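By written order: A, B, C and D. Residues from 1 in each chain.
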């Protein structure tokens, strides 16, 4: 019988190894799987490559992994924010490598990773610093860059509700990077507020189908994300 | 005030011109916008390029446009079925050109068209007749083909329920090619069973957001598709 | 291989479906191709949850509906009426093929016109046909973690379908992992075709006679 | 352009937002960039339905929530709490950027560090910054049907932001259609920058003095 539920976040991340590539969902605090991130800071895997849109928006996001010296390489679109000091320090000392990708290119590269497309062309970032060194090609009279897929060994995602099979639905803009990251990792771990019986989620409203979710961990429902106005 | 509702299918397709590219949703009879197809046979635009997964599955699908000599070129994955005789005749006489594409490549090319990606790589169809003449390139030690985006001047799609803005939801497997085709045309016309007030469809269950729908036409709700067992 | 060979029965198709279903593991996501392979759905061993995928946009395919209960908007990839199990989900064709092509299916069970000793598959077009019908076959063979064939060992005319090199138009090369026929279960390995299991009452030599490529015995078969 | 130029007031930012909003047509889908451009949301002329997009995954952005009504799972691209209008929808970031990059937005209203007379935009990184913050800026400029800039005409130090060639890292080339500043509304045309409208009390010459690229008068302005 399918049962993807783990009893603790520690168990859910126990097998993560040094050097792994990790995709982390969320956009700022909303949709951030912060309990899984916290468990990983305890677990201690090092030399991680982390793919996440925001890096310093909240202290309990990827910033916590950076401060804990677990990250070797970062791919993101927005590496600034109130908790980015430790990142800046490590970039200057050369202990972390940073790749900035336009947000849409980042999302599309992850989508390509989940969809079996090794590479695609996009006009985004042509003639910019972020397009430097990339292969260029003209289609329909317009210049495009070749961009490569991103996949992860693990994805940490957050959703609102799951069933035993691993079907997921999200709350409002909590959705953000979570559904696409769920498709692109070998092992996708979803932190959810509620796990319901199979059949309780309408088949037409499921956003992430069960096939993309490997592990489920339930956390307290009150913690749905944070309003960032005061940070 | 936004109002995308047209009073008749004839009005909704009135401006279609000879030589247009038309995407037609549906998988067999399910999700097939057959009222729009019927209106187009009346309207009479010729030399159409039609993109549709099935060509001869039902008589009131693309087969009707073929029999009415409105089609010059077809891109599809499954050009057979009980109503494909007229297609076969026209292929043999050379009045119709056929491009067979693997179903996933077809869907992905349309998705690329809607997402601003001019071309992408896929391993599907490598070393096959359908890959002949296509540019090949190796990624991660595996051969891939370069495939190009498909866009349409028009898309005919079918959905279950719409609101005035053009948000759409679908019934069960009626969804099929409809959401992706909605994204890839200059003008997307949706044939729906019901039009409700703005706000009546939950924002989290909307499958096709309003931005992708240009025209709405309401048809009788009882005709939701056809079971094909007896065809 | 010739028409006057005496008939060897082996498994009937429902029995073969039942045999194949045994190899589908609890929790797997599996696509059953149009036609014969759909039989497998009826023989999933009790206690196992196998989630069936249909490429027109659903996971969690259930049994055929009762007569009169068909829903024209609930069909499988063969456009036949089906049902959805609790836990099932609907999605678009582009999402469905992203799932297939992204390598997420544990297995695809497909039919075949021909299969080569190297695992090349021909399944979408007969050599003299005006039209092929590729559907999702090329995507499923390239994208699934495992490709199982479910087929009669020979054609209706008694011709071998398992061959050294396919002469029919290819669906994909080097893609088939295992072949289930009415006569045997055959693994496609780096070292060639290995008969893993014989249908009751069928001899290895009888299978070899009906196969246009060299077969080997698996260790299990040698022990017998 | 020098610091000792006398100050020219022109439009206040809310007035400029109101002016820009006049050019957004009924039924348009529009993205308002992080920061200043979000002001425009409050000035949509009555009777017009403009559907606002936020790149983190929604269409139908509504007004700011009342104090205490903020929902941490309902934020805009600047991570500020917002509301959703009836008719709004949620989707993932990949769907949101497919929408942007696929050319579906009628307009994007963005801020700028520099803009050139050819419509090149620099908006994501200051020349001496350790880190840029590109977010969705490159996608929005490349993908939107129209790119409108909403900005102060000069920097806080009085330096021109409208220049012949950008010296700051580029967001995209040849992408800006129109520039709305506190002093004027300026079209970027094949033939160069054309002042379409002047803020009340502002003279063409005063705008030219504060602009490091040649400006032309539009026909409407010549008639005046």
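By our rule, a contact is a pair of C-beta atoms (placed from the backbone, for glycine too) under 8 Å apart; a residue touches a chain by one contact, two chains touch by 3 or more.
Given the structure is predicted, the values throughout are model-derived calculations rather than measurements.
*Asks:* Can you give me the shortest step count from subunit A to subunit B, moving only between touching chains?
*Replies:* Counted as steps through touching chains, the separation is 1.
*Asks:* I need the common contact partners of subunit B and subunit D, sorted by label.
*Replies:* A
*Asks:* Using only Cα atoms to place each chain's centre, name the chain farthest from subunit C.
*Replies:* Comparing chain centres, D lies farthest from subunit C.
*Asks:* CA centre of subunit B versus CA centre of subunit C: separation in Å?
*Replies:* 29
*Asks:* Find the geometric centre of each of subunit A and subunit C from their Cα atoms only, then give the gap between the two centres in Å, rounded to an integer.
*Replies:* One centre to the other, that is 36 Å.
*Asks:* Between subunit C and subunit D, what distance separates the C-alpha centroids? Give it in angstrom.
*Replies:* From the centre of subunit C to the centre of subunit D is 56 Å.
*Asks:* Would you please write down the residue numbers of subunit C that are in contact with two or more other chains?
*Replies:* 58, 84, 90-91, 97-98, 100-101, 142-143
*Asks:* So which bits of subunit B are touching at least two other chains?
*Replies:* In subunit B, residues 108, 111, 115-117, 122-123, 170-172, 203-204 touch at least two other chains, as defined above.
*Asks:* Looking at which chains touch which, would you call it a line, ring, star, complete or other?
*Replies:* Here the contact pattern is something else, fitting no line, ring, star or complete shape.
*Asks:* With touch defined as at the top, which chains are paired up in contact here?
*Replies:* Result of the pairwise touch check is A-B, A-C, A-D, B-C, B-D.
*Asks:* For the complex, which residues does subunit A have touching subunit B?
*Replies:* Going by the criterion above, the answer is residues 108, 112, 115-123, 139-140, 142, 144, 148, 169-172, 202-205.
*Asks:* Using the touch definition from the top, list the residues of subunit C that touch subunit A in their complex.
*Replies:* 26-27, 29, 47, 49, 51, 53, 58-60, 84, 86-91, 97-105, 142-143
*Asks:* Which positions of subunit C touch subunit B when the two form their complex?
*Replies:* Subunit C residues touching subunit B: 54-58, 70-75, 79-81, 84, 90-94, 96-98, 100-101, 125, 130-139, 142-143, 169-173.
*Asks:* What does subunit A use to touch subunit C in their complex?
*Replies:* The contact residues of subunit A facing subunit C are 1-2, 111, 113-117, 163-165, 167, 183-184, 198-199, 203-204, 206, 209-212.
*Asks:* Could you pull out which subunit B residues touch subunit C in their complex?
*Replies:* That would be residues 27-31, 53, 57, 77-80, 84, 88, 91-92, 98, 100-105, 107-108, 110-111, 122-130, 170-180, 207, 224-229 of subunit B.
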